[in-house]
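The chains carry the letters A, B, C and D, assigned in the order they are written, with residues numbered from 1 in each.
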Amino acid sequence: MSAMSVHILTLRCMNRPGIVAALSTTLFGAGCDITEAQQFDAWESRSFFMRVVFRMPVRDGAEAALRDAVAVMAREFDMDWTLRARTRPTRTVLMVSRFDHCLVDLLYRWRISELAIDPVAIIANHPRETYAGIDFGDIPFHYLPVTAATRPVQEARIWDIVSTTGAELVVLARYMQVLSDSLVARLVGRCINIHHSFLPGFKGARPYHQAFARGVKLIGATAHFVTGDLDEGPIIEQDVERISHADSPDDLVRKGRDIERRVLARAVRYFTECRVIPDGRKTIVFSA
Amino acid sequence: MSAMSVHILTLRCMNRPGIVAALSTTLFGAGCDITEAQQFDAWESRSFFMRVVFRMPVRDGAEAALRDAVAVMAREFDMDWTLRARTRPTRTVLMVSRFDHCLVDLLYRWRISELAIDPVAIIANHPRETYAGIDFGDIPFHYLPVTAATRPVQEARIWDIVSTTGAELVVLARYMQVLSDSLVARLVGRCINIHHSFLPGFKGARPYHQAFARGVKLIGATAHFVTGDLDEGPIIEQDVERISHADSPDDLVRKGRDIERRVLARAVRYFTECRVIPDGRKTIVFSA
Amino acid sequence: MSAMSVHILTLRCMNRPGIVAALSTTLFGAGCDITEAQQFDAWESRSFFMRVVFRMPVRDGAEAALRDAVAVMAREFDMDWTLRARTRPTRTVLMVSRFDHCLVDLLYRWRISELAIDPVAIIANHPRETYAGIDFGDIPFHYLPVTAATRPVQEARIWDIVSTTGAELVVLARYMQVLSDSLVARLVGRCINIHHSFLPGFKGARPYHQAFARGVKLIGATAHFVTGDLDEGPIIEQDVERISHADSPDDLVRKGRDIERRVLARAVRYFTECRVIPDGRKTIVFSA
Amino acid sequence: MSAMSVHILTLRCMNRPGIVAALSTTLFGAGCDITEAQQFDAWESRSFFMRVVFRMPVRDGAEAALRDAVAVMAREFDMDWTLRARTRPTRTVLMVSRFDHCLVDLLYRWRISELAIDPVAIIANHPRETYAGIDFGDIPFHYLPVTAATRPVQEARIWDIVSTTGAELVVLARYMQVLSDSLVARLVGRCINIHHSFLPGFKGARPYHQAFARGVKLIGATAHFVTGDLDEGPIIEQDVERISHADSPDDLVRKGRDIERRVLARAVRYFTECRVIPDGRKTIVFSA
């Protein structure tokens, strides 16, 4: 049996009959064998979304030939599509402020090969010593402090790092600075933030204190794509945990750390496995 | 061994040393034996809350003597307090509109003696035939339709039913009419509503459609005391369930029904077991 | 636009390249439009499972023609398959013993059209008066008491009811009698039981008392297909709820009722929507 | 206002009237102010359990005087009791094998002061380089490989480390060796293990593979006190996560890591905060 590599294809187009037939015929014709397929028919927008995982024979020119075949089909159906080798890790920039629990968690998952990221840079607005006790290994660390006055310059540096590293994903792992609209625009669809509340409840600052004041019985966290509209970006993943009247704001912060790190880690994993497809204000998440 | 009855005492006062000692001495002096005790020290408001369950010898005048003793202590500490025999069911008015899943659920729990309510009336703004297939047994059913014009008259009828039945609790079991401020004022601390969202997200009308539009990944329901400030009353209980992009608004409504009925049933049970103590915008819930 | 009906096709075969292509081509050729598709590639058994929902033009002979086309493909791939109009409710026999919470719940979900069952019979080993207060409407009720001696006769009656009603599904909604191997054999793949524990923990009798004795911190319920091997049938759905040391066995029974009814209702819904495909000791559940 | 320190008292005795009164009088007499109190009346064993948190004036000899007063009361009621300053961290030995996710997690929580442990030693049966990338700071690391033949010697070394460090707690953070009965006996009530299944399901080796084979729909983890009876010790904490047929054994292992680390972290926190009181085969956990 010949060697096989595994690829992931995602696509999006207006819905009409024949898409699955065309796709499966195209893949079959290229010698590929589908092992996972998920699709979604969004009746609202009449859009069709699909994620297909398949094995492809390893052969010179096989991927190029497949890309050509998919491109033909994509033109016919006016599709947006992506194709990615599953083993290729996602080049990722991690950004952080004072609280490092999400950063530490993502790095750990990367170190044990749970998360297929390739951390090409860590950017912080606090100096390296803030993260004493964390082994960053060979990952370049960039200390980029920021004030209102220096924001344009700082963001130019951020963009420079993103560009030169070829980053495919920027993760705001409790990076507590608002990005400018122009930087957000350049990162659209590839910048994930973790907000420490169950959005749309408790937007803005100090959400755990808001939750405490309101007396809710569950708190949560939300991973979402960053857009110009603060805390309004398409939601990728959320989770909650039970609290009670006896929990102080500090208890909420503590419980919240656990929720934040697992919600963000899931969102990043979904992204790296091509499970997330933006759909306007929402996301399709083929979460297995 | 003499017969014992079980009572529940709740109290609230400004915190200061000696409360628990005074209380336990008072109960011990009255021949009572504490079987459960929960307390909470709200550092914000410097208030102290306690719920105590105890066995008391069944003896002529025992409860009256105990009430006298508690009253003495309560004056010393400037306490609000309640005392209730645990076996006495809570006289309850159930109000409902078209959707009857919460009503059916509460009645079932009452029928199998899970919920210690005594349903003294069912009030609906839809006619009896809306609820065909539900056996109301001997519970008086009141059809009280309402329009903007007839609201004052309808609410006078509601209040009349609450008063004459001696209702201790009014449950808005998906009763989809807003109560007037004057009726709410009369029902303060004893009127529980089920809101079909995870408040404070998605206040107002059609919360499941709001949740669908926003693309959240969990939906919830909230049981709260009714106040003049719509959807802002003190929260008693909340719960959530996971949804995905593939869930239509109808799916959310279906999943929501399950959340609503279990959240409301828990809130009503907590109320009947004297586990809920209002604390300004919040509630203390000694939920076991 | 012509009228469309919605159908669900499930299939199972040994995995090999070309299945999805063959299927989608077959459906496309028959004028069908796929709206949902889920597949699973079980690497262990090298089996392939698929569930496809599609719209089909309403036309004389369309379904027959489709069945023929699917049959051709099925022969080629040696497939097991089922095809069902989505709107057709599942003919269901409900069996119950003393505790009626699951029965009441299923009937309520049926009454509000949440569950696409057609309840063709209720069978109980307790007399009708046990279920006073439940409106069975037009559903035939069969009181079939049973002892060790009368079991063969009673089960012959059960089988007679199942046969003559053309029941596609038998739900043991807290029916507390063990079925004989011969009856189980006749019901294989279409008899669902709710076990009141989180299997494989606490098999056998009085699972809540076992859970209490062991001091677990969560209790659960399990819906599974009935097989000759008691409490070992393929699991369809499970859920749990948190308990504490303060919960008595009675509290566990109370909390368990809520878990049981939602777990069983989900399992029945999955079955009626052709989401469950048995796979040896396990099930594939395409749960949306 | 004079300086106050916070202490935690736990007690256990046969139940009889007057315990709470005696305790609260004793504490009040010593100038202490109760801020939290939880109690449990185990009707089965007729035992009474209590945990009290209180502020005490900082004064020479105050704690000694309080201990004397509690001792007097304890003799009267034949109580087991413990008294501890809340700020004093728990001297803890961490033991680990190849998989370090729980170890890394506990160390992180300790580093950010979430967990009030004082890690006095790390013991591993794998060499230091297995944990490259983890900063152990000043915590002594002991590489103690073990075979059947060397077990007695290795365990003597373990016991030596526990004794000389004055460890109050030993955490088996995925330490995959069975301890001998004699070592277990010396660590009774202060050795916590994390088992990677929802006990009592899937005892023994490779629980995730067992769970996969059985086709359960949720997997879990269990933190328990270690006893001579493997996987049968009193359970402190459990949690679960949903899985599906599509999850491979590797997926279960990945999801399991998240459950394991949060379950173990909670159990350790409960222990350090004196929230766990063993009760035969079970535990009382006053979990806030």
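Quick note on the criterion: a contact is a pair of C-beta atoms (placed from the backbone, for glycine too) under 8 Å apart; a residue touches a chain by one contact, two chains touch by 3 or more.
In this text, all values refer to a predicted model and were calculated from it rather than measured experimentally.
Chemist: Among the chains, which has its CA centre at the largest distance from subunit C's?
Modeler: Comparing chain centres, D lies farthest from subunit C.
Chemist: With contacts defined as at the top, give the pair, C-D or A-C, that has more of them.
Modeler: Result: the pair with more contacts is C-D.
Chemist: How would the subunit B/subunit C interface be labelled, same or different, where same requires over half of its residue numbers to be shared?
Modeler: same
Chemist: Which integer distance in Å separates the CA centroid of subunit C from that of subunit D?
Modeler: It comes to 42 Å between the two C-alpha centres.
Chemist: Between subunit A and subunit C, what distance separates the C-alpha centroids? Give it in angstrom.
Modeler: Roughly 37 Å separates the two chain centres.
Chemist: Which parts of subunit C, given as residue numbers and ranges, touch two or more other chains?
Modeler: Residue numbers touching two or more other chains: 36, 244, 246.
Chemist: Flag every residue of subunit B that touches subunit A in the complex, lowest number first.
Modeler: For subunit B paired with subunit A, touching residues are 40, 42-43, 198-202, 213-218, 220, 234-240, 244-246, 248, 279, 281-285, 287.
Chemist: Okay, in this complex, where on subunit A does subunit D touch?
Modeler: 36, 101, 104, 108, 111-112, 114, 133-135, 137, 244, 246-247, 251, 254, 257-258, 262, 288
Chemist: What residues on subunit D touch subunit B, complex-wise?
Modeler: Touching subunit B from subunit D are residues 17-18, 20-21, 23-25, 27-28, 32-39, 41.
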